[in-house]
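Across the two complexes that follow, chain A remains constant while its partner is chain B and subsequently chain C.
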Partner chain A sequence: MTSIDTLAAPGGRRAEARSISSRIWRLAFASVEFRIGLIVFAVLLFAALLYPELSGIDPTKMNIRAKMTPPLFMGEDWSWAHPLGTDQLGRDMLARSLVGLRYSILIGVTTTVLMLAVGALIGLVAGYYGKSIDTVLMRLTDAQLSIPMIILAITILGVSRPTIPSIILVLGLAGWPVYARVMRSTIMAERKKEYVRGAMVLGATDFRIMVLLLLPLVLPPMAFVAVLDVARMMIFESVLGFLGLGVQPPTPTFGNIIADGRKYLLNAWWIATMPGIFLCLTLTSINLMGASLERARNTIYGGA
Partner chain B sequence: MFILRFLLRRLAQGALIIFLVSALIFTLLRVVPGDPVRLMAGGMAPEALIEEIATEMGLRDPIPVQFTRYMSGVVQGDLGQSFVRPANGAAVGGASFDDSTRSARAEVWDLIAETAPKTIQLACLAMVFALMIAIPIGVWGGLHPGGWPDRIALYCSSVFVSLPNFWLGIILALLLSVKLKLLPAIGYGGFAWTILPALVLAIEIAPFIIRSLTVSVAQIMGQNFIDIAGVRGLSRNQIIFRHGAKNAAVPLLNLLGVQFSMLLGGVLVVEFIFDYPGLGLLTINAVMQRDFPLIQGIAIVTAAAFVLINIVVDLLSTLIDPRLEY
Partner chain C sequence: MDGTNTATPLLEVSGLSVGAVTPEGTTPILEDVSFSLRPREILSVIGESGAGKTVLARTLASWLSDPLKVTGGTIRFRGTDLVNDTAAARKLAGREIAYVGGNPAGALDPTMTVGAQLVEKLRAVRPEVSGAAAKQKAIELLDAVRIPSAAQRFHEYPFQYSGGMMQRVMIVDALISDPALLIADNITQPLDVTVAAQILKLMRDLTGRFDTAVLFICSSLPVACDASDEVLVLNKGRVVERQTPEALVASPQHAYTSQLIRELPKLWDTAAAAPKEERGEARPIMSVRGVAKHYTAKNRAQGGTSVVQAVRNVEFDVFQGDNFGLVGESGCGKSSLMRLLTGLERPDAGTILFEGEDIGSARPARIRELRRKFQLVLQDPYGSLPPQKSIGAILEEPLKIHRIGDRKERRERARSVMSEVGLPEALYEELPNGLSAGQRQRLNVARAMTLEPRLLIMDETLSALDQTEQHKMLDLFERLQAQHGFTYIFISHDLAMVRRVCSRIAVMYLGETVEVAPNDRLFFDPGHPYSRALLSAAPTLEERRYDPKDCLLEGEPPSPIDLPPGCAFASRCPQAFDRCRGENPGLTARGGRALAACFLNPRRGEDAPSMTTPETTHA
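So, the complex of A and B:
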């Protein structure tokens, strides 16, 4: 596409951006990995959304007489009432795991969106204006990249009371630097191109160029790769929960169930194991989708 | 000459980064709620006493004043003293805090120097395991792009990256240590205690190496000079190891530099699970006890390590591939 076309029809750039996104989608969707991931994830998501309500089992209801019931077909006193057994207080493991999955996905997705937004904004500004703004923002980014994110997160959450918004905020603010870097380098390459210079000559404001021309072109490919970060953030959420810095009990989360179950590992291995298997399955499905999207993106950008 | 200028520039940048990290952590600790003095003096201590101790320790001064005081110490190599740990090693709980023994409290630098070697040992072993897992899978996948070894590489890395380290640690400890009695798991009593934590860490790092290797090997094997090497009569193995591996090493090295902070995050959790007495466990305890000087010290030391490792990585990359310029 020549520069004259783009100037004459600004919609042309957007159409191109759309077509790249849809090509990435289609290429990824064609792969077996993506489909397996999608199916597994959809099943787990529906189970998490529906099971605790439909079954009417309260994940926080204790039943001391049925405590430490083993999962189906394991041990002696298993029962159909608790397919994955019960924990040390007789709470149903399946319901607990699925409610944990809800929080995990909720926090994982929101956090990723937040860090994508913050990172993209900072990278956009730094890459577009360059010079001293760029230097300041990028040194800040470097500094934050060199502190392990988890230290940052436990430092903040460890000294304040963790709530869902504070967890999302902390993880999101700890994770943006990578996006800022990628965004900045893409924008720097992009802003030298003729369509951007042309728009400047025509008197478009910086805001207009950034939001209408650059973002629609640059953001979607980044958002595809962000799928992988949803899984990463879900792991972080569970790590925080495990350290006692996540969503607080009695709300079940993967982290706090596993931390509890660890104490009963020898008599009731399933308490720590079952939520972990749910978490692994969900993460694997997300990672399979993310990896196929990443590959599709690389193929399209490498080949185009 | 080139190397000297490079080093000077990078060290200056590194110093700036370390300064920013210190400022960030320092401010954060003091802005976020949670008073260390209350924890030190115990919950029952009267408000007046807490204020008195805090003022005496300089914790009520404006943040820039505190920060200047702290940094002037850091520049002279003094990271300060721990709020809660006595010099004899054992950690004390908040209730037994006694301000008259301030001089007897542990130097932050000593605490870090004691624990860092254990963590370095753990990290190195983990890196060895990770390479042992990742190189065969990654290179094999890269040699057959689009084929089933490539697919295996994708599945392997997707599964490995989906195993939460704390959960994997618990499960492996249960299986290998409790049930099969193969390896010791909790605490530290010699090299054998490093193996299990290192294995968990390795599985956490391996997927990133696999992904990087598959991509770079596939890319290199598709280039002209590889085909020409075949024409020159080199065997396939020679081609792969002489040309392919050397060129795939650069992205791999860069990855290790970038992944360093992720590795440290993993170390933190793994050391906590296995009660392994390294820097990670020290950090977690420092955070739980709101031991400001210790948290700051650890942040500064890790940032310095991050900067140095990245400089070394870039130097090595230029040695391997002289075309690169930094």
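So, the complex of A and C:
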């Protein structure tokens, strides 16, 4: 009943001639949350990419005389030269945080994309074909799941020198099984539905059904979860950095900034706090966009 | 029954209005509905989908959910006002007023045994009943609804029950608290005709035994007339008339009712000519010979595996430009056969020739090419369309699969089939969400048509639609056939539909084709006792040619896991004799292009059993 109403909704006629995906994007873009998220994220991204170079401030340049300068308007000896203050060695916190953010986003996003791709692919194949293929792939997943992430990280990163690719690899390796499992069970449920049989009778190949029919259907909800995982991966990167297994100093990352700042929490709280604030801003902006996109999808598809 | 039953009404509904109340305003669903119901009375409520039947049922069961609200009128149940006294209404619902819905599989808890659920229900309503007494009562009732060996079945889980048995369990679930009023909402719709006939018979017995009044909601006029003392016709939320079935059929008062009766397909109407076989060139487009398929199922109860013979000894020919019908009850192997015919699965034995090529043994790539020429239209108008794709994309998909045309050509083709099946072209970029079941089936047909196939297999395509909508679809099929020369195979359990459109019909029972005959021959001179039983159970307003008392089947078909050695139907056949239990008759010609698998038919070159019917040659 309700669906008929939406079809006949007055005023919506002109907009409905557009393709469905463009309708979703338009609807998402129309929401305030999406715009706020987009602006904050864009500002952060550009700042992280451009500020350290454009401002000419070297995040590794020490200045012992200006050490532990508080951020603007905090304490007594703040200065415009260091808007977010300096650390225990007098390095500019704004530049350091933005460089840290650069690595954090790089690692967070690449890792998530990697594990989503691997997990979704394995889950898709296992769920679609079932039987022995499913058994083999799922035992592989179980085996991977049984190795704790931290142990894996210590083994791999502790033996070799941690580099950005190796960190991405370790985090991605630890994360994919969850996606494989979710994907497999969703595909198994979808695969039995009549429209899949319908596509087979039309003559669609397995590849076509998997990639063009099922994947677009089940990937968006999973990608939405993956957005949350970007946050988790950024935090894991910090954890690795904190343990000394992340990107090595002097390259500033959130992990080693926090690890260093921990010792000065009482007299220079801002050192350990700044990465947290940037992390928080980044994740909130990503989530705002993700949430309004998801809402737009639900509105357009109306539960279909 | 009117004269004998003068008891005070059990239920009195007067001026009842129900509407969907939203901030934008109130959309009326039911308007000014008034009727009364006495104990032991069965009142049918019929009307097309969207007439408000289910809303009425739920209002009476105090089961309205937002945005639906009672906007006026009263419902008095033994004098208690159910509309205003919601506390009393809640107390009565489930105790005195019981509701049975049409989806038994969804209503039973799969994790509990059937017995435990029944006992739990009774003791929730009547805490004073002891566990042992509750069990006793549940078994008694299961027995009353003819669940075989009820005491053992009590301990089984819902998945071990067939659809018909689950529906009967739901009736027990409703009756166990001794309700005064039973609301049966479309309970026979998902069931096969022979099982539905059993349930209706049962319902009648029960009203006599337990003094229950029944409100029987139904969308099929013949079933409603069969089942009830009086029929209430609901149209667009209003009661348009109430009469006894005989009076209703003889002199309908309202235009809607007369239209309903006029459109009702007739089974034995000789005036309207049955579709004849048109065989200018007797070349079969599809030819099925000795096809068999088994599945191995894990036997969870006893361990090990068991072999399910889903399809065996299936033989028939479908001729070019013809309408072929395939009928049988659920579990008879129709769906398995459909999978074989469409090349989704391969038969263990036998051949399926499509235009001279064996689908059963063709290479996968070849089957894919052949798919351009035969298409399947599925049953479920909701599940068979890919979600989150626009109507245009759905229609262009088959062309993309077979790499036909460029973007523009595909778009044009999609638009042209849309207009052919009667979907407005403006819907091209729309999602199918807003479409009705009938429109969705049109879309399904349109999708199958885009490839311009030769053969269309309709797997219960019309069973989810109401009578009016079915009518329109059949007209559409006819028009398309005339324009494109399609050949149709209708897989269906609806005999009336098959009678109207098919020229040649195969009857399936337990995976076998037990009879293949031209339309008239099957309906007027069936060659198999099972066909006769099916015909006797078909819901119709006409005078029955076959008395259900003589032919109606008791019990359920045997499980396809342990098939009896002889004729599969022997265990339920009223005419079975010794030979039937030891030997499978197999399809044999009985003249006039009719074949049947029964020893009772005289056959050439063999000793005919002492039967008097001479072999008739049929026009």
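Note that the second predicted complex is superposed on the first by the 202 of 304 C-alpha atoms of A that agree within 3 Å, B and C clash if a C-alpha of one lies under 4 Å from a C-alpha of the other, contacts with A are read in each partner's own complex, and residues count from 1 in each chain.
Throughout what follows, contacts are C-beta pairs under 8 Å (C-beta built on N, C-alpha and C of every residue); 3 or more make two chains touch, one makes a residue touch a chain.
Keep in mind it's a predicted model, so treat the numbers as computed, not measured.
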Contacts of A:149 with chain B and chain C, given as first, second, both or neither: first
Touched partner set for A:198, first chain B, second chain C, both or neither: second
Touching partner for A:49 - first (chain B), second (chain C), both, neither: neither
Touched partner set for A:222, first chain B, second chain C, both or neither: neither
Chain A residues touched by each partner, larger count belonging to chain B or chain C: B
Contacts of A:106 with chain B and chain C, given as first, second, both or neither: neither
Partner chain in contact with A:273 - chain B first, chain C second, else both or neither: first
Intersection of the chain A residues that touch chain B with those that touch chain C: none
Partner chain A, residues of chain B touching it in the complex: 13, 16-17, 20-21, 24-25, 28-29, 32-34, 151, 154-155, 157-159, 161-167, 170-171, 174, 178, 211, 215, 261-262, 264-265, 268-269, 272, 283-284, 287-288, 290, 295, 298-299, 302-303, 306-307
Chain C-facing residues of chain A, complex: 1, 3-4, 6-8, 16-20, 193-195, 197-205, 208, 213, 216-217, 300-304
Residues on chain A engaged by chain B in the complex (per definition of touch): 33, 139-140, 142-152, 154-156, 158-160, 231, 235, 238-239, 242-243, 254, 258, 262, 265-266, 269, 272-273, 276, 279-280, 283-284, 286-288, 291-292, 295, 298
Residue numbers on chain C that touch chain A, as the complex places them: 20, 342, 344, 368-369, 371-372, 375-376, 378-380, 383-388, 390, 397-398, 401-402, 429-436, 444, 447, 451
